[in-house]
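Presented sequentially are two complexes of subunit A, the first with subunit B as partner and the second with subunit C.
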Partner chain A sequence: MIRRTGYHVAMSIVSFLWVAPILWVVVISFRSFDDVAANGLGSLPHSFTFSTYKSAWEDADEFRALINSLLVTIPAVLLSLGLASIAAYGLARYSIPFRRTILLLMLMGNLLPPQILLIPISRFVELIGYYDTLIALIAVHVGFGLGFYTFVLHGFMRDLPREIQEAATIDGAGPGRIYSSVILPLTRPALAALGALSFTWIFNDLLWSITVIRSGEKMPVTPALLGLQGLFVSSWNVIAAGTVIAAVPTVAVFLRFQKHFVGGLAIGAVK
Partner chain B sequence: MTGLAADRRTFLKGLGLLGAATLVPGCATSTKSPGSGSAATGELSLQSNLSSEQAKAAMEKLVAAYNKTGGSQVKLNTVAAEIFRTQLPTYLTSANPPDVYTWYAGSVADSYAKKDLLLDVTSVWDSMGNYSKAMQSLSTSSAGQKIFVPTSYYWWGMFYRKSNFAKWGVTPPKTWAEFVAVCKTIQSKGIPPIGIGLGDTPWVASAWFDYLNIRINGAPFHRKLLAGEGDFTDPKVKAVFTKWREVLPYFDPKGKSFPFQEATSALLAGKTGMFLIGTFFADSAPKDALDDIDFFQFPIIDPAVPVAEEAPTDGYFASKKVKDPEGTKKFLTWLATPEAQNIYVQSSSGTAIPANPDGKSADTALVKKGKAMIEGAAEITQFFNRDSSDALQPTADAALTKFLDKPDQIDKILADWQAAAQKVFKAGA
Partner chain C sequence: MTSTVAEAAQPVARSGDQAGGGARRPRRTGPRRVSPLILAFVLVPFVIEAVWVFWPALQGFWLALTSWDGLSAPRFVGFGNFSDMVSDPIFRTALKNTAIWLVLFGGLSVIGGFGMALLLQRERRGVGIYRAALFTPVVFSLVVTALIWRVFYQPDGLVDTVFRTVGLGNFVRPWLADPDTALYAVIVPALWRQIGYVMVLYLAGLKAVDPALYEAAKVDGASAWQRTRYVTIPQLKGVNSVVLSVIVIDSLRSFDIVWSMTRGGPYHSSELLSTYMYSTAFQSTQLGYASALAVVIFLLALAVILGYLIRAFREES
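Then we have the complex of A and B:
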C-alpha cells in the first residue's frame, strides 16, 4: 500500500514537472504586456487578458500562417506515406534485387544532418524555379520523410503472413490489387502512427520553411511565430498566445490517432 | 496481364495523389505574385526585418505613403528579425533577390559591398547634402562608393529611474571616480548597482567593452582593432579589462541568467540601479514607467581622449541585381527625405532619431537629451558587430562572458579571443 502511494506521489511529481512548462506558457499567454514588463516572466500573474490571443491572431496573421501550414502538412503527409507504403510494399513483399541495399541507401539519407543540405537545397530549388513556393516545401518534406517511413513500413509489412498474399494471388489479384485491398488495410495501425508522427514533424518544422520560402505571406506558422519576436524586444505574452494557438492542430491530430499511435509504436518495436 | 493493369491503376492513383497535392498549394500561391521579380510592372520588393508589432505597422504606413506618390509600387515583405539575419546572405546571392533591404550602416554593410552585392547609390546622395559627415563616411564602402542610405539612429546610455536615484540620494556621475562612488552608495542600500542581461543576449556585454575602449583608447583605435588591424592581446586592450574589473563587483550577479529584456524589468522594478543599454529597451517598458526614466552619458575616464558615443545607424541598401535601378534609387531618395523619416519615427516606438538633420524626432526630454549628446560627440561608433562583422560578434560574446566569470584569467582569455578573431579575419579576406 505504501509502495503504491509512493509510486503515485512520485509519478504525480514527474508528470507535474512535465506539464509545468506548458502550463507556464498558458499562464503567460493570459498576462498583459505591462504586467510581464514590470514583474518579469517568472512572476505570478497580476493581470488577466484575452487581448494577447487577438493580437497573435491578427498581427502575426496567424490564420493565414495556419492555412499555409496545413496546405504544406496535409499533402506532404499523404504523399510521403503513400509513396513510402508503395516502396515498402515492393521491397518487403517481392524479391527485388539489391532490396536491402536500396533500403539502407534510403535510410542513409536520413542519417545526414539536414543542416549540411540547406544550401544545396536552397540553390537547387531556386535553379528549377520553385524557390519561395509551398510546392518546394512539400517536395522537401516528402523527400526527407520517405527514407524513414519506408524503413518503418517495410519492417511492418514484412511480418504480415505470407499466406494472405498467396490466397489473394490464387483469387486472381495482381500486385496492385494485393497492395490496395490486402496489405494497405492491414498496415493501417502503422500508417496511423506514422501519420500522426509525420504530421507533427512537418507542422513543427522551421528550418526548411525559412530555407525555401522568402515571402512573409507564404510562411507557415512556425516562422510566423518567430516573426512575433522583435529585433530587440519581444512581447512574450503574445508569443505564448500564438504558440498555444499553433499547438491546437498537432494536439488534435494526436488525440485523434492516440490509440493507433501507441499501438503502432509497439508493433514496430517488438518483432 | 491483370497484374500489369492493376499496376498501372496504382500508378495512376499515385499520380492523381501527386496532382492533387501540387494543385492545392498552387491555388493558394497563384493569386499573388512572388515577393520578388516582376520588374516589368515596376514593382519593387522591400525585405524588412522590422517584425515587431509597432515597427511593422510603421513600415506599412511608410510604404503606403510612398505608393501614393506614384512611380514604382513597393511591396513590403516583413520577415522575422532572426530569420532575416541568418538569411540575408542567401537573399543577396540568390539569382532573383529582393530589391531593397533594411540593414545597418558601417562595416557590416561594407562587408557585402566588398563581395560586390550592393547597388551603388552615389546618385541618391546628391540630394542628401545636409547629412552629417559621420553619416556620409558610414555609408561609403571601402571602394569609395556610397552603398547605404541611413534613415534613423538611436543611442546607448546608462539608464536609471529618476525616482530611485532620488531615493538613494545619488546624482548622475560624470567621471569614472564619481561613477564608482555612485556604485558604492547604491550597493550599500542592498541593491546591485549595475544591471545586465546576458542570458540569450550575450552581445549586451559588448557595449561595456566598446565604451571602455573608446573612453580609454579612443574611437580610432577601437575601429582599427575591430577591423583586424590591431591585436586583442595588446596591453591597451588589457587596460580596458583592468578598468572593467574595478566595477565588476557592482554587477548584478543574476544578470548572467536572464536576457536583457528581463534585465529591463529588474531595472524598472528597482532591483538594479543602472543599466547600460540602447534606447530600444524602452519598447519593453510599461508606458507609465517611461516618464521616470533618464540616462547619463557613459562616464569619462581620460579627459584627453576625444569623446565618442555609440549611435547605431539604421537604413537601407539595395541589391546589385535590382531589375529597375532608377525606380530603386527614386525610392531610396524618398526614404532619405525628412517627410519619409518623420512618418517612420512618429509611428514607431519613438526613441529613434531621423538621420536627416531636418527630420523631427519625438519631442520628449529623453530624446532631446540623447540627440544633444550624439551631436556633441567628437566621434561616433556603431556597435561591436556593426563596426566589425556579424562573424566577429560571437568571438566577443565568448571572451566577455568568460571574463565576467573568471576575471583573473584575462591573459588567457585575450589570447583565445585573438586566435578566434584571427580566424574570422582570415576567412573574410
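Then we have the complex of A and C:
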C-alpha cells in the first residue's frame, strides 16, 4: 500500500515536471510586457492579457504562416501517402522483377541524412524555377518521405490474406479496382497512423523550409517562429504566445488521432 | 523493360516468396500478367523519389570532390576537401560535439526512455496520464521545444530563479551564451523531447513480451531485478536494435534544436556536424566543402543504416 502511494507520488512529480515547461510558457504568453519587464520571466504572473496573441497573430503574421504550413502539409501528406500506397500495393501484391531491390532502394533513400541532399536540391529547385515556392517544399517532402511510407505500407499489405485478392480477381476486378476497393480499405489503420505521423513531421519541419524558401511571407509556421525571435527581440511574452500558436495544430492532430499516432511510432519497434 | 515485367506474372504467394529481387519465380499459377497499371503504380513513385532523392544524393557525392562557390563552375579537387578537414579546428570541434551528442543525448534517452517504460508498463490507474505527460513534448516541433527552453534559460528566467532558490546562485550564468555550457544546455531540451519517444518504442516492445516468461521466472524465485535483467532485456533485442538505429540517425541528423537555440555558437562551442554543414553551405557558400561534410555525416550514418536494413530485411523474408 505504501509502495503504491510512493509510486504514484513519484510518478506524479515526474509527470508534473515534464509538462511544467509547457505550462510555464503558456502562463508567460498571457503576461503583459510591463509585468515581464518589472518582475522578470522567472516570477509568477501579475497580469493577464491577450495582446501578446494579437501581436503574434497580426504583427508577426503568424496567421499567414499557419496557412502556409497547412498549404504545404496537407497536400504533402495526401500525395506521399497516395503514392506510397500504390507503390506498396504493386510491390507487395505482384511479383514485379527486382521488387526487393526497389523496396530496399526506396527505404535507403529515406534513411539518407538530409544534409547530403540540401545543396543539390536547392540548386535543382532554382534550376527548374521553383525556388522560394511552396510547391518545391511539397515536392521535397513527398520525395523524401516516400521511401519510409512505402516500406511500412508494404509490410502491412503483404500480410493481407491472398485469398481476398484471388476472390476479387475471379469476380473480374482489375488491379486498379482491387487496389481501390479491396486493399486500400483494409490498409486504413496503417494509413491513419502514417497520416498522423507524417502530418506532424512535415508540419514541424525546419531544415527543408529554410533550404528551399527564402521570403518571409512564404515561410511555414515552424521556421517563421525563428523569425519571430528577431522581430520581438526581448518580448518573450509575445514569443511565448507565438510558440503556443505554432504548437496548437500538432497537438490537435495528436489528441484527435492519439491511438494511431502512438501506434504509428511503435510500428517500427515491433514490425 | 516492359516485356520482362509482363513475364513476371502471378500475385505474390506469401510463403513461396523467398527468392530475392524477384529474379526467380517460384510456382507459376497461370498466364496472368503484371498490368501496365501495376507497373506505373511502382514506377511513378520510384521515379519521383529518384528525382528528389537519388539523383541529388549522387550529385552531393560528386560535389564533395569539388571546390565550388555556387557562381562559377565547380572545380574538381579530388579528396582535397577531406584533407582540409583534418586541419580545420571547427570541424574537429563539430566532430567532438557530435560524438558527445551521440553519447549523452543517445545514451540518456535510451536509459530514461527504457526506465520510464519499465515504470509505466503495467496497466493501472493513472498510468495513462503519466504516459501522456511524458509523451506530450514529442508532438512539438524542435523549434517549439527550443523556444520553450530559451524562455527558461533567459537571465532571471525560471532556471536562474530555481538555482537561486535552492542556494546555487553562484552557478547561474548565461546558459546558452557561455561556451562551457551551451552544448549541454541544448542537450537537455533535446532529451526532454526524446525520452517520451523512446519510452513509446519500449512500451510497444514490452507489450510483445510473453507474460508466461515472467510467470515462469517468478515461480523459479527470480527477483524483480533478475526478471528485468534476464527475461525482459534479452526479449527486447529487436526493439533495442530499432531504438539504437533511430537514436544514432536522429543524433546525426540533429539540426533543428541546435540551430534554433544557438546556431552552433557561441564560438562554435555547440556546433554539430549538421549545423556546421548548413552554415558552410548557405552562409559562407563553400558548397564543395559543405558537401564533403555531408558525406562525413553520411558515412557515420551508413554503418548504422546498414545494420538496420539487414535486420529489417531479414525479418521480411
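Here is the rule we go by: the second predicted complex is superposed on the first by the 246 of 271 C-alpha atoms of A that agree within 3 Å, B and C clash if a C-alpha of one lies under 4 Å from a C-alpha of the other, contacts with A are read in each partner's own complex, and residues count from 1 in each chain.
Note that in this section a contact is a pair of C-beta atoms (placed from the backbone, for glycine too) under 8 Å apart; a residue touches a chain by one contact, two chains touch by 3 or more.
No experiment lies behind these values; they were computed from the predicted model shown.
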Query raised in the report: Overlaying on subunit A: subunit B and subunit C, fit or clash?
Result: clash
Query raised in the report: Should A:226 be classified as contacting the first partner (subunit B), the second (subunit C), both, or neither?
Result: both
Report task. Kindly classify A:175 by the partners it touches after superposition: subunit B alone (first), subunit C alone (second), both, or neither? Result -> both
Query raised in the report: What is the contact status of A:251 with respect to subunit B (first) and subunit C (second): first, second, both, or neither?
Result: second
Requested in this report: Go through the superposed model and pick first if A:40 touches only subunit B, second if only subunit C, both, or neither.
Outcome: both
Query raised in the report: Should A:14 be classified as contacting the first partner (subunit B), the second (subunit C), both, or neither?
Result: second
Query raised in the report: Per the overlay, which chain contacts more subunit A residues, subunit B or subunit C?
Result: C
Query raised in the report: In the superposed arrangement, does A:78 touch subunit B (first), subunit C (second), both or neither?
Result: first
Query raised in the report: Should A:186 be classified as contacting the first partner (subunit B), the second (subunit C), both, or neither?
Result: neither
Report task. Identify the partner contact of A:24: answer first if only subunit B is touched, second if only subunit C is, both if each is, neither if none is. Result -> second
Report summary line: Overlap of the subunit B and subunit C interfaces on subunit A comprises residues 40-41, 83, 86, 119, 122, 174-176, 179, 223, 226, 229, 236
Query raised in the report: In the complex formed with subunit C, which residues of subunit A make contact?
Result: 7-8, 11-12, 14-16, 18-19, 21-22, 24-25, 28, 40-43, 83-84, 86-87, 89-102, 104-124, 139-140, 142-144, 146-147, 150-151, 155, 158-159, 162, 165-166, 169, 174-176, 179, 200, 203-207, 211, 222-223, 225-226, 229, 236, 239-240, 242-243, 246-247, 250-251, 253-254, 261-262, 265-266, 268-271
**Report entry** Partner subunit A, residues of subunit C touching it in the complex
**Finding:** 4-5, 8-14, 17, 20-23, 25, 32, 34-35, 37-39, 41-42, 44-46, 48-49, 51-57, 59-61, 63, 119-120, 126, 129-130, 133-144, 147-152, 154, 156-162, 192, 196-197, 200-205, 208, 238-239, 242-243, 246, 249, 252-253, 255-256, 259-260, 274, 277-278, 281-282, 287, 290-291, 293-295, 297-298, 301, 305, 308-309, 312-313, 315-316
Report summary line: So, in the complex, the side of subunit B touching subunit A is made of residues 2-10, 13-14, 17-18, 20-22, 24-26, 28-29, 32, 34-36, 47, 49-53, 55-56, 77-83, 86-87, 90-91, 94-96, 98, 258, 260-262, 264-266, 268-269, 278, 280-281, 283-289
Report task. Sort out for me which residues of subunit A touch subunit B in the complex. Result -> 33-34, 36-41, 55, 59, 67-68, 71-72, 74-76, 78-79, 82-83, 86, 119, 122, 126-127, 131-135, 138, 172-177, 179-180, 210, 214-219, 223-224, 226-236, 238
